[in-house]
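So, here's a batch of structures to check.
Shared between the two complexes below is chain A, which has chain B as its partner in the first and chain C in the second.
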Partner chain A sequence: MERLRSLAGPVRSVPLVRHLLVALIAFLVVVAIIGSSSQYLQTRYAEMAFFAIAAGGLTLLTGLSGQLSLGHGALMAVGAYAATLVLERTGGETLADVFLALLVAIAVCAVVGVIVGVPAARLHGPYIAGATLTLAVAVPRLANQWDFLGGEQGLQVPVPRAAELPVWIQDLVWFFTAAEIDQYSFLAYLGWGLLVLAFVALANLSRSRVGRRWRAVRDDDVSAELAGIHLGRARVVAFTVSAMCAGLAGGLMAMNVRLTAPGAFTITLSLTLLAAVVLGGLGSLTGALIGAGVLAFLPHFATDLGESVGLSATQAAEVTPVVYGLVLMLVILLAPAGIVGSLRTFLARSSLGSTKEKTT
Partner chain B sequence: MRTTARRAVQVVCVLTTASLLAACGGAGKERPSEDGTAVGVTDSTIKVGAHFPLTGPAAPGYSEIPSGHQAFYEYVNDNGGVHGREIEMVVKDDAYNPTNTSAVTNDMILQDEIFAMVAGLGTPTHRAVVQRLNDDGIPDLFVSSGSLQWGDDPASSPMTFGWQPDYEIEGKIIGQYVKENMPDAKVGLFLQDDDFGEDGEKGARQFLDSQIVDVQKYTPGGSTDFSPQMSSFKSKGVDLVLGFNTPSYTALSQIAAQGVGFKSKWFYSNVGSDPALVGGLLASMTKGKIPAEQGVKLMDGMMTTEYIPGVDAPEDEWVKLWQKVWDEYSKKGSEKLTNYRIYGMSQAYTFVQALQANGKDLTRESIVETIEKEGASFEGPGLAPFRFSEDSHMGISGASVVELKNGASEPLTPVLVTDIGDAEIKEDDSAASDAPPSSGLPE
Partner chain C sequence: MQQFLDTTLGGLVLGAVYAAFALALCLIWRSTRIVNFAQAAMAMVTTYIALSLINVDVPYWVAFLAAIAAGFMLGALVERLIIRPVEGKADLNAVILTLGLFMVLHGLTALVFGVQHRGFPAPVSTSAIEVGDTSIGITPFGVLTIVIVAVVMAGLVVLFRFTDLGLRMRASAFNGEVSRLLGVRVGRMLTLGWALAAAVGAVAGLLIAGGDLVNPAFMDPFVIYGFIAAVLGGLDSPIGSVIGGLILGLSLSYVTGYVGEHLAPLVALGILMLVLLVRPSGLFAAAAARRV
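Right, the complex of A and B next:
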């Protein structure tokens, strides 16, 4: 028993080990779920994965560093276009092409993140929101300016075919799930694999010195500065990390949607991401995941529900945003700290209650 | 350890919730029967799907097309279906946004498991899914758009077929008419900034290259104020505007032209010229300053093209059939038959005709083969015959030029038939006299 405890020690105390362990278990569960799902569900899971990556980056920025960004849709657009342009040139048929495209998307977004983050670091609250809102409105329109970006009709995105994936991946997937990998399950595995990696990185970052600095800056910038924290630097780093997540999410989105067009990156996307973050619980990665799940499943669920109670297709299409809005309002009214935030408070309270009972 | 455990519990919670939600979404769908010959086909049903703008700026008019399809399919189903199979149509909203089109098409293929896409609407929207449909070998029949790409290269898109006259031949017919009848007109082009405008311009320039003095473009979903474009036309002395645009933009261009005092002759391509719809749009966009009746009046003297008979010809045998079907099968009795519903029913007629010709053994490959082999001889409401063959998947081959008076169209030319490229434009009224069979069902 003692030995077991001494073995469990580092797992408990070292965040990286702990996070990696949880990540590994989560990924195995995910592989099992994806492997046994229909192709339709696999595309939904893939959608949930890229929304979760973007929301994870945003929740870190807004929840930990206290900067409200309304421009993450634009950053996703940058990532999507970067990835698409790379895939167009390389043909996008092999796994290497896919990773190259995603890396380029992340890198380009990191650069954009620094460029936007530096001036944004001087702004507070509503002013950052305003500045990033401009980004959300202006950036997707750039596609109409240059022909190589495809204009309103957008660019088609080539995706890898299952037959062109390395054999060892095909074998591995066959071994674990007893199902052949196809382009749908491939995108779902890819999305969730990267989601798990990104969340481990973000969780670690937020537990590290960098994360503590962000919290200090968010809570009281004057005392943070007195404690020797460089405000601007902390904020720019936060913005850049968040932009990189948005870039990765944008690249994955391009592969899933198979089309990169300005119509995908409207201001609504930025607001929806923020809504997902608020819905799940600001600052919590689990919250971001839940919020992304709601984003990926609720609209379809609402449309199907509408059609199953006998609404016409038009009415069902119109009812979807209403249901979405209602859910958002209900969460804000009943669980103002978001789903995860309120759940935490509830758990804390009930565990408090049980200890009281024991003592009396 | 507590936090780890809690985190693990959270993760599991999320995944369970997600899969539960998902399971709810997937519940209730029917798997294809084992006797069926293809996905989406059983011994008693055929399931097809299409994307339409049911919401958003392109919805007025276009959202009525699927109701025409559904009414006609119900009529067919009540009369025994096609080879014993009833036709069911799934309609999904893409709000005329290509990204949504890609998403809802994915749903139709994987969730609804459609046999074929029939009449998916829009040039930029449908373009986003053509590759996908062809890769997966799903028939993509009778696209509701006149872009060339649906039919000019069957080798790269073997499953895709057009239906209406393409914008290039429409541009050619318009161009030749203007050149012959208004040789001194200074022409301004008003174009949707995608393949729609591009194809139309290509056709028109074959005849009008020297007469075109200005080209203005718009992006769907972008700015709605066209004062700058109309001012540009005015300053360049344009006295005839050719519009390759959707109905909302016909209304918007008219409002802007009034605003800047630009007077001109107008020639809108078929897509943007429905007088009843544009009149209604003018009324709603100006908040009643231009009442709908006056809006329809405003369209007097405008020229456009016509390739199927519309509501303004109630004595036409086809329109009588559509009226009968609509009166009997419209879900909401209060709604009137419109040109868009007629468009939908006319497409549905062609689809039923193809299924009928295919015979009982229906597969995704066989329906394509049937249309290639027999499509050119389909008799239907179209004023000109289809061009379907192994080398061309282009739709109706011609149209006549008409002028609008009091919301009705008066022909200025006989039916003009041609093809893309240098093909000559010929007068050919032969298909215009086709009448529907007495049962109203294709034979």
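Right, the complex of A and C next:
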């Protein structure tokens, strides 16, 4: 008992240990859920995973270091194209190919993140919004400029077949879910595994010295600078970390969609990501996860709803952006802290109320 | 030489439209310190209103004026209902709000009118003017575009320089508190500023659509090009926005003509970053240092 308690100490107090433990439990639960889901749901979960990774990076950037980016759709495009080109060269048959492609996607986006982040660190408010919005328009158009990027039709993305995965993974999945791994569940496991890793890294980063610097820069840049924080460096690091998340998300998206084409990376994608993090609450990873869930499940729901009230299929597809836009506007007007932030305030208020009752 | 002349003329027409658009952004920035990212979507809505009127055989110029009136009302409504609550709050809020409005207007237009391309008529010919045997790269509609933008600009100059109303609007933008003490209805002036801006935006939308195809996304590039043109001019100066619009129009026309059409947005991004990093207050602003 004594030994247990001495073990519980570091688990609770060291963020890395605590985050890893939560992550491990969460991942096992998710594996169980994915394993027992239908193919349709597995695809949605895989989608939710890459949206959550991108949203997690964006919420860290906007919520912690206070920089708005409307260019994350473009960064996802960069990641998607990088991963696709690698998979084309290697054939994408094995798990190693997949990880190589994702690593390259992250690395390329890190470079792009620095290139964009350096000038962006000097901008604020509407200026950074306008500049990153331009990025979102400009980058996907490049695919039409150079032939090796496949033009408007895009590039096919090879993905490993489940039968070619290492036996130990197949056995492990069988052990936990009592179901064979196939293409769809593989992508869902892969996405969620990486999502959990990414969120552990982001959660630790935001609790570390780096994260404290970002908050200081966001809240008062003059005081932060007086305290010895290099403003530009802190902002560039934030942008780069965020871009790496977008790159990983883009690579996963390419594997899920099986086609990388400029048409997938519109302004709407960037604004949609923004809607997800604003809805969840800026700066909150839980919020990003909730927002990503909405992004993955709402479109099908909204389209079905639209069709059921007699809209044509193309019209029904437009219901979703209207909902996202309304979400953006309503959250800003009514609950600027988002879902998680509002809940937190609510809980804090009600617990304050109960302590008051006790003391009186 | 011929190609250079054609590209230049094309750039001037394009630049005139960017200028009108930048002017609309500048009007809003001057009154409320907000960049309206929904401007393009609002102009798209008014263009569709004009198109529906034209489709039921309303004369072009009547539809033109109706669209401007609709823009005026839309601008006033947006300011009163949506923007008023966030005025003076963190600038991130206003940015996100106008982006949300952009998505809503975009989606609703697609819901009501469908996403297919539709032809939009022009009041005058849209085939190139011929001088002697060679046709030069400007159409009668292009000339009309430049003329209309010039008229709108002149109208705004007259309004702001020579009328009592313009003076009150400038005063409210310059210092709301003091203007209020002097008896200016500042709230109304801000609403009027948004309404005027949306009307100017509506003109720009109609000029872009003329003789071309429209669909709900046809104004999307103007979200960024209008913004860049306005930033080139410093966001604060109406004359600056017009010159910024012309510079951007010419640059993009040369890039499209000589390098490659798909590189145009990237070049625009380059221009934007260069201006923001080298002369953040714009090429023509007299203002002292400002945080960008």
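Things to note:
Please note the rule applied: the second predicted complex is superposed on the first by the 324 of 360 C-alpha atoms of A that agree within 3 Å, B and C clash if a C-alpha of one lies under 4 Å from a C-alpha of the other, contacts with A are read in each partner's own complex, and residues count from 1 in each chain.
Keep in mind that, in the parts below, a residue touches a chain if its C-beta (ideal position, glycine included) is under 8 Å from a C-beta of that chain, and two chains touch if they have at least 3 such contacts.
Because the structure is predicted, anything quoted here is derived from the model rather than measured.
Of the two partner chains placed by the overlay, only chain C lies in contact with A:327; chain B stays clear of it.
With both structures placed on the common chain, the touch criterion links A:278 to chain C but leaves chain B unconnected.
Legend: residue contacts after superposition of the two complexes on their common chain; A:24 is shown touching neither chain B nor chain C. Of the two partner chains placed by superposition, only chain C is touched by A:123; chain B is not. By the touch criterion defined above, A:144 lies against chain B and chain C together after alignment on the C-alpha atoms of chain A. By the touch criterion stated above, A:131 is placed in contact with chain C alone, chain B being left untouched.
Contacts of A:179 after superposition: neither chain B nor chain C is touched. Of the two partner chains placed by superposition, only chain C is touched by A:70; chain B is not.
By the touch criterion defined above, A:314 lies against chain B and chain C together after alignment on the C-alpha atoms of chain A.
With the contact threshold set out at the top, residues 144, 312, 314, 318 of chain A are in contact with chain B in one structure and with chain C in the other. On the side of chain B, the complex with chain A involves touching residues 1, 4, 6-8, 10-12, 14-15, 17-19, 21-22, 24-26, 28, 54-55, 63, 66, 90-93, 97-100, 102-103, 106-107, 110-111, 123-124, 127-128, 131-132, 193-195, 219-222, 331.
The part of chain A that touches chain B in the complex is made up of residues 8, 11-12, 18, 21-22, 25-26, 29-30, 33, 37-41, 43-45, 48, 144, 151-154, 156, 184, 257-259, 261, 263-264, 286, 289-290, 293, 297-298, 300-301, 304, 308, 312-314, 317-318, 340, 343, 347. Residues of chain A that touch chain C in their complex: 62, 66, 68, 70, 119, 122-127, 129-131, 133-135, 137-139, 141-142, 144-145, 267-268, 271, 274-275, 278, 311-312, 314-315, 318-322, 324-329, 332-333, 336.
Those residues of chain C that touch chain A in the complex are listed here as 34-35, 37, 82, 85-86, 91-97, 99-108, 110-111, 114-115, 220-221, 223-224, 227-228, 231, 260, 262-266, 268-269, 272-273, 276-277, 291-292.
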